[in-house]
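Look for chain A in each of the two complexes below; its partner is chain B in the first and chain C in the second.
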Partner chain A sequence: MSLLHLAVLSPLLLAILIPFLHKYFKNIHTGWFLLPLPAVLFAYFLQFISTTSHGGTVMETVAWISSLGINFTLKVDGLGLLFALLITGIGALVVLYSIYYLNPDKEKLNTFYVYLLLFMGAMLGVVLSDNLIVLYTFWELTSFSSFLLIGYWNHRERSRYGAQKSMLITVFGGLSMLGGILMLYIITGTFSISETIQMSNEVVNHPLFTATLILFLLGAFTKSAQFPFHIWLPDAMEAPTPVSAYLHSATMVKAGIYLVARMTPVFAHSGTWVWLVAGVGVLTLFWGSFSAVKQTDLKAILAFSTVSQLGMIMSLLGAGAAALHYGTIEDGYYIVAVTAAVFHLINHATFKGSLFMVTGIIDHETGTRDIRKLGGLMNFMPITFTLAIIGTFSMAGIPPFNGFLSKEMFFTGMLRVAEMDFFNMDTWGILFPIIAWSASVFTFLYSMMYVFKTFTGKYQPEKLEKKPHEAPIGMLISPVILASLVIIFGIFPNVLSHNIISPAMGSILPSLLENGEGFDVHISHWHGPTAELFMTIGVIAFGLLLYKFMPKWAGIYSKLPSRMSFNRFYDRGLELLELTSKNITKSYMTGFIRTYLVYIFSFFILALASTLIFKNAFQLDLSDVAPIRFFEVVLVLIMAVSAITILFAKSRLTSIILLGAVGYTVALFFVLFRAPDLALTQLVIETVSVALFLLAFYHLPQIRRNEERIRFRATNALISIAVGAIVTMIALSAHSNKTFGSISEYYVENTYKKAGGENMVNVILVDFRGFDTMFEIAVLGIAALGIFAMIKLRLTRGRELDENK
Partner chain B sequence: MEILMAFLIGILFMTATYLMLSKSLLRIIIGTGLLSHGAHLLLLTMGGLKRGAAPLLGEHAPSYADPLPQALILTAIVISFGVTAFFLVVAYRAYQELGTDNMDHLRGKEGHE
Partner chain C sequence: MKTNDVILQTVTKFVLFVIILFSIHLFFAGHYYPGGGFIGGLMTSGAIVLLLLAFDIKTVKMILPFDYIKVVAVGLLIAIGTGAGALFFNMPFLTHAYTYAYLPLLGKTSLHTAVLFDTGVFLVVIGVTMTIIQTIGESE
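Right after this comes the complex of A and B.
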């Protein structure tokens, strides 16, 4: 157990303590206990920069299930470190924000922070594990904790719906990924990611390659809310805003991005990967930004915007993967897409995180997030307004903020996709920059809507629940820090390039690097009058135009058929699934014990009969049988007749007496078959049994005649006869088919020597198989207790009934 | 003898199954009783019948009947007695509470799980 392991597990360990801290320090907001942890972890992970910036990695292993190749291996490299810093850094800010956002008197803080810590630990585990099974375990833990966080306000119907939706979709993806992991294991024979990357050639040429790739991408796409799995993200906005800021902007939804980046060296040599990742990414980018424009809830705008931005990063990773195929490090032609992906990942976390927090502030101070009700808040909340401007302008790609830089690089990456002359990109590749550009126009549009519809325009106090005012200072600290980062990264992007971006790229495209080499990343603001610059200018001009004439064209949104939407598909699918399973269950769970017995007996007949037939097990050997004497035949007849007569017995008394007759005959058989102990036991037990039956019979109330009538039922008869026949066949086969000798010789020899007894049956019971007998006594004891309780129960219940009268 | 016993066991299982499929609780219990008789005899028959003396060393016989099935059956007899007794009390309670021993009437009401 290294310090690194402790760091990853520390959120989970602290989660155990939270309920106690919450209980014993009621006066202190529980968030304060949490805050130091992500801050300390952030500082701890910062130390690794000196290692990773030179291309180094740190690896620590704790053996877990070594025999299956599953070890708790943690690896810090450029990519993992970048995510770890995001998780802990944004985590600390979100915790700080939540302290002011969540009211300790109204909310259950202990559960909230336990879930949050659970999530933080799971996320760190995902991005730092080097073992696919460990990664998968943490991956599912993020889905699980996200479910809990989304459904935190579980009294709201929408919260529960959103939580279930995200759970179903992400867990579906997680299971697909598990399938992919297992297939990858079949190909490579290892769960280690580092070793798998070494073997990428074998992976690409394996027949399972495409299936593995698709399963992995399903995992990544569901987690990162890529089209058409994006539908869960907007519903997940029911979570408290700090959660949305943390999970749905900076961390969890980026797990899919992480997975794609992490697996790029393994899969990216194929055209399928480039096409799927870039294609789905661009589609998501467009659909997300297009849908964001029609939203009226601030959080919904941000949700679709997140979907869209995730698609953008995804498409960049896909396009950049082409570098592994063609590019070399010198020309850096496609590599720029990867640079843009990593850079935008950081930028998105900063501006989207701050925007979510701004939304939280607006919601908190006005009581609504509906842009139709909001307006003119600029004068009431100047600081929030400034923060919103910085965040949205960065998102829209306006200089000098960091979003502008990554957006420019994004255009560069997409333009180069259009120039690709492999993977069949030459025909369709031109679509990439076109879709990317139009999506950027919508991005610009919703960014402007977000800030101007909220903060400018007419102030409508009558529609607000509270009188708006500036947020408390504590709520402003976190967004202010994030917004400053937006500006700092915008003006000095190269503070990141060497220490953070270049090592992360080294993990995504390792095969392009010689030993000890690193990517030389330099981000500049001015490239001269390039195509990218004109695209940006076009986005702003066209975006402004659309914003101005919005009422004229917004009608197209209502033209979209709502019946065809993916949400509807999901809802109907879920309904149908529930209905079908309910109907199927109802069709065989009738509530009649007879039905269940019929199932059991039918299965018994089918299983045994088919075994007898297909295994050719039925044999009849008449050579080695014991002789039959006359009175034995008589006994057999007595028994058979009494058993059959029970079927037709009209009164209960007759049946009980006949059952007794069968029992006593069995005892006689035991005598004949040289089993004196059995005979004695059977006699005693049978006597007691019959007495018991009669006793019960005595107590049973009289029942009307017609209920006593026994009707003949053909199915029952058929099943019974089949059961009887099967048992007879088994008995005959067992007799005729002695494949090995009896093991009882051992007991015959050792009864006296080892146990000092002469009665073999008794010695077996009390000595050789003493535990059996002990548990048998226990069973009898339990039965006795049960009987006693049942009889006692009658008394208490009877009294209650009397009282009720 | 084994062949004859095999058929007898078949008959016992058949009647037991038929009784267990009926509606009356008491008949179901009787059915389980018959089923255990059948199972005991089946165990014994599988071990072979009338081979040697009773499994008592004091008999000083050249061979003994197989003691292992007998030990198993002894356990089974006692357990089946416990189960039968428990069943009976449950049936008795069901009468007390619900006034019927018809399984169809004992079935839980719709939507009342």
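Right after this comes the complex of A and C.
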């Protein structure tokens, strides 16, 4: 277990302590206990820059399930490090911000911070693991923690709706990805990402390639809210604003982008990848920015804006993947797209993070986020206004902020897509710069709406719940830091280029580099009067025009058919799903255990009898059978008599006692055959279960003789006789049909040698097959919880739970 | 209905300790002789069930004021924690270690991490059995 592993797991470990810290230090805001962790981790990860900036990587392995190729391998390379820095850096700022945002008297801080830590650890795991199964595990953990955080205010119906929606969509994608991972394993025989990348040629030529690619992309697209899976992100905005800033803009939603970047070396040699990633990306970019304009909630604007910006990064990665088509760095005409993707990833985290925090401040200080109610806040909140200006202008791509630089590079990337002469890009490629440009116009438009509708215009105090004033200093620190980064990266972009961007690109396009080589990234502000510059000017000009004449054309939004929207599709789909599954379940769940036993035993008979018949498995060989002794005959007789008597017992009490007698006789059998452990267990189990039975006895209905019908009993008799016959046949065949030696020899030999014990049964239980025991007790625990919940939380008839309280 | 339980109650008071001692013996003997956490736990639950039969749930709850669901949780944590402990020594999950030590009074004693794991099993079994019996019993 290395320091790196500890760093990744440290948030999860701290999460265990948080409830206690919260309980025993009531006067201190729980967030303060959290804050040092991401800050320290950030500093820790910064150290790795010296390694990665020279193209080096750090790899640490802890053996997990080595026999299946699953090891907890962590790898720090340029790409992983970039994300780790984002997660811990933004994480620290968000925690600081949340300390002032969340009121310790009103909110359940312990759960909030536990979920947040859970997420932080999971996200670090996603971006640093080199093993696909481990990555998948952490990936799902981010979905779960996101679900919990969106539903944090679980008394609100919208929160629960949003949480469920995000969960269903991202877990659907996660499961598809798991399918992709398994297919990739079939192709390559390894779960290691580094090894998979080296085998990319075999992957591309494998018949499963396209299916694998699509499954992976489903995972990435759902997580990163790409069209048409973007619908969950706006609803996820029900989460507290620090969460939106952290999960749903800066980090978690970028996991999909991470995955695409990570898997680019494996998949990007194909045209399908380039088309899908770039196409879906650019479509999302347009749809997101187009939809953002019609929103009236500040957070909804930012949500759609995030969708659209994620699409933009996605499309850049897709376009940049074409660089692999050439295979050398000299021809890397398309590499600029990857540079832009990485650069914009950082920029987006800075400006969108600060904008979310600004939204939180506005919400916190005025009581609303509706731009129809807001206006003229400039005089009340001058600092927040400045922050909003910096953030939105960067988002709109106006110089000198960092968004301008990446937006220009984005245009370059898109223009070059149009010039591609492979993957059939020459016919349709021209669409890319056109869609990109029009999407940018809408981006400009909603950015301006965000800042000017809120801070300028008419002040409407009567519509606000509180009298607005500037936020406390603690809430301003984090957005101020982010906004300063926006300016610093805007003016000196090259502080990033060598240390951060170039190594990250090295991880995305490794095959273009010779050993020890790195991408030479230089970002400049002025390229002369190029097409990109005119595109930017055009964006601003058209954007201003549209903003000016907004009332004249905004009507088109109401013309869009609402019946066809993806949200409606999702809602209807969910309703239908629930209804259908309810009907199907109702059709066979009668509520009587005897019915279920009939199902179970019928299936048992069918499955086993058909195996016996079709596999020709029944054999009878009595040559090496031990002689039957007197005691055994007696015990069998006792058992048979008590079992048959149960059928004729008039009272339930008698049957319970008779059943106990059968059980105790079985225990005696174990004694006869020298299995003291089994005998003991059977004896105690029998005792406890008879006691349980007696307890349950009171709840069971009386046996009524007249209720029982002959036909009904005939079926049951048939089933029970068949079960008995089949079990006997299997037992006989198992005895007669020994095709391989028994494993017991192994245990006899190794029980003392390897496990230092002498009781084989127990050593098998706790050591050789300890995993089975662990899961068994877990199942037992779940069963106990289930029974407890069913009995304790039983709803009395006619009373319904009100979840909205 | 009033029942006369004097004999049962008196015997229980005595037998209870015999059973519990026996279950502890079973638990510790497990690695070398018949026994182990599972049987030990069941035996202890059997003792508590006897107590329940002789007295009533309220009295038993006063004697043994445990929240059995928490017992399950603690047991699971111990079992999984023992398994995870191996990871810190760079061994696969659930690798056990053992050694022999000479202790005063006890003489040569074997020390196993398997016992820790078994303790988890022991607690889970008691917790599960008692949770089920108690919840069903209380719902009457």
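Rule of thumb we're sticking to: the second predicted complex is superposed on the first by the 586 of 805 C-alpha atoms of A that agree within 3 Å, B and C clash if a C-alpha of one lies under 4 Å from a C-alpha of the other, contacts with A are read in each partner's own complex, and residues count from 1 in each chain.
Just so it is clear, a residue touches a chain if its C-beta (ideal position, glycine included) is under 8 Å from a C-beta of that chain, and two chains touch if they have at least 3 such contacts.
These figures come from a predicted structure and were not determined experimentally.
Student: Look at A:Thr681 in the shared chain and tell me whether it touches chain B only, chain C only, both, or neither; answer first, second, both or neither.
Tutor: Once the two structures are laid over each other on A, A:Thr681 reaches both partners.
Student: Scan A:Leu780 for contacts with chain B and chain C and give back first, second, both or neither.
Tutor: both
Student: Given the touch rule stated above, what does A:Ala691 touch, chain B (first), chain C (second), both, or neither?
Tutor: second
Student: According to the stated criteria, A:Ile791 is in contact with first (chain B), second (chain C), both, or neither; which is it?
Tutor: Both: A:Ile791 reaches chain B and chain C.
Student: By the touch definition at the top of the document, which applies to A:Ile743: first (chain B), second (chain C), both, or neither?
Tutor: In the superposition, A:Ile743 touches chain B alone.
Student: Mind working out whether A:Ile556 is in touch with chain B, chain C, both or neither, as first, second, both or neither?
Tutor: Neither partner.
Student: Going by the contact rule stated at the top, is it chain B or chain C that touches a larger number of residues on chain A?
Tutor: B
Student: Touch check for A:Ile593: first (chain B), second (chain C), both, or neither?
Tutor: first
Student: Which partner does A:Ala714 reach: the first (chain B), the second (chain C), both, or neither?
Tutor: In the superposed model, A:Ala714 contacts neither chain B nor chain C.
Student: Overlap the chain B and chain C contact sets on chain A and report the shared residues.
Tutor: Residues 676-677, 681, 685, 688, 692, 696, 699, 758-759, 761, 765, 773, 780, 783-784, 787, 791 of chain A touch both chain B and chain C.
Student: Touching chain A in the complex: which residues of chain B?
Tutor: By the definition above, chain B touches chain A via 1-15, 17-23, 26-28, 30, 33-34, 37-38, 40-42, 44-58, 64-68, 70-71, 73-75, 77-79, 81-86, 88-93, 95-97, 99-104, 107-108.
Student: Could you please specify the touching residues of chain A with respect to chain B in the complex?
Tutor: Going by the criterion above, the answer is residues 591-594, 597-598, 601, 622, 625-628, 632-633, 636, 639-640, 643-644, 646-647, 652, 655-656, 659, 662-663, 666, 669-670, 672-678, 681-682, 685, 688-689, 692-693, 696-697, 699-701, 703, 707, 710, 713, 716-717, 719-721, 723-725, 727-728, 730-732, 734-735, 742-744, 747-748, 751-752, 758-761, 764-765, 769, 772-773, 776, 779-780, 783-784, 786-787, 790-791, 793-794, 797-798.
Student: Help me check something: in the complex, which residues belonging to chain C touch chain A?
Tutor: 26, 29-39, 42-43, 45-46, 49, 52-53, 68-69, 72-73, 75-76, 79-80, 83, 87-88, 90-94, 96, 98, 110, 112, 114, 117-118, 120-121, 124-125, 127-129, 131-133, 135-137, 139-140
Student: What residues on chain A touch chain C, complex-wise?
Tutor: 1, 62-66, 676-677, 680-681, 684-685, 687-688, 691-692, 695-696, 698-699, 755-759, 761-763, 765-767, 770-771, 773-774, 777-778, 780-781, 783-785, 787-788, 791-792
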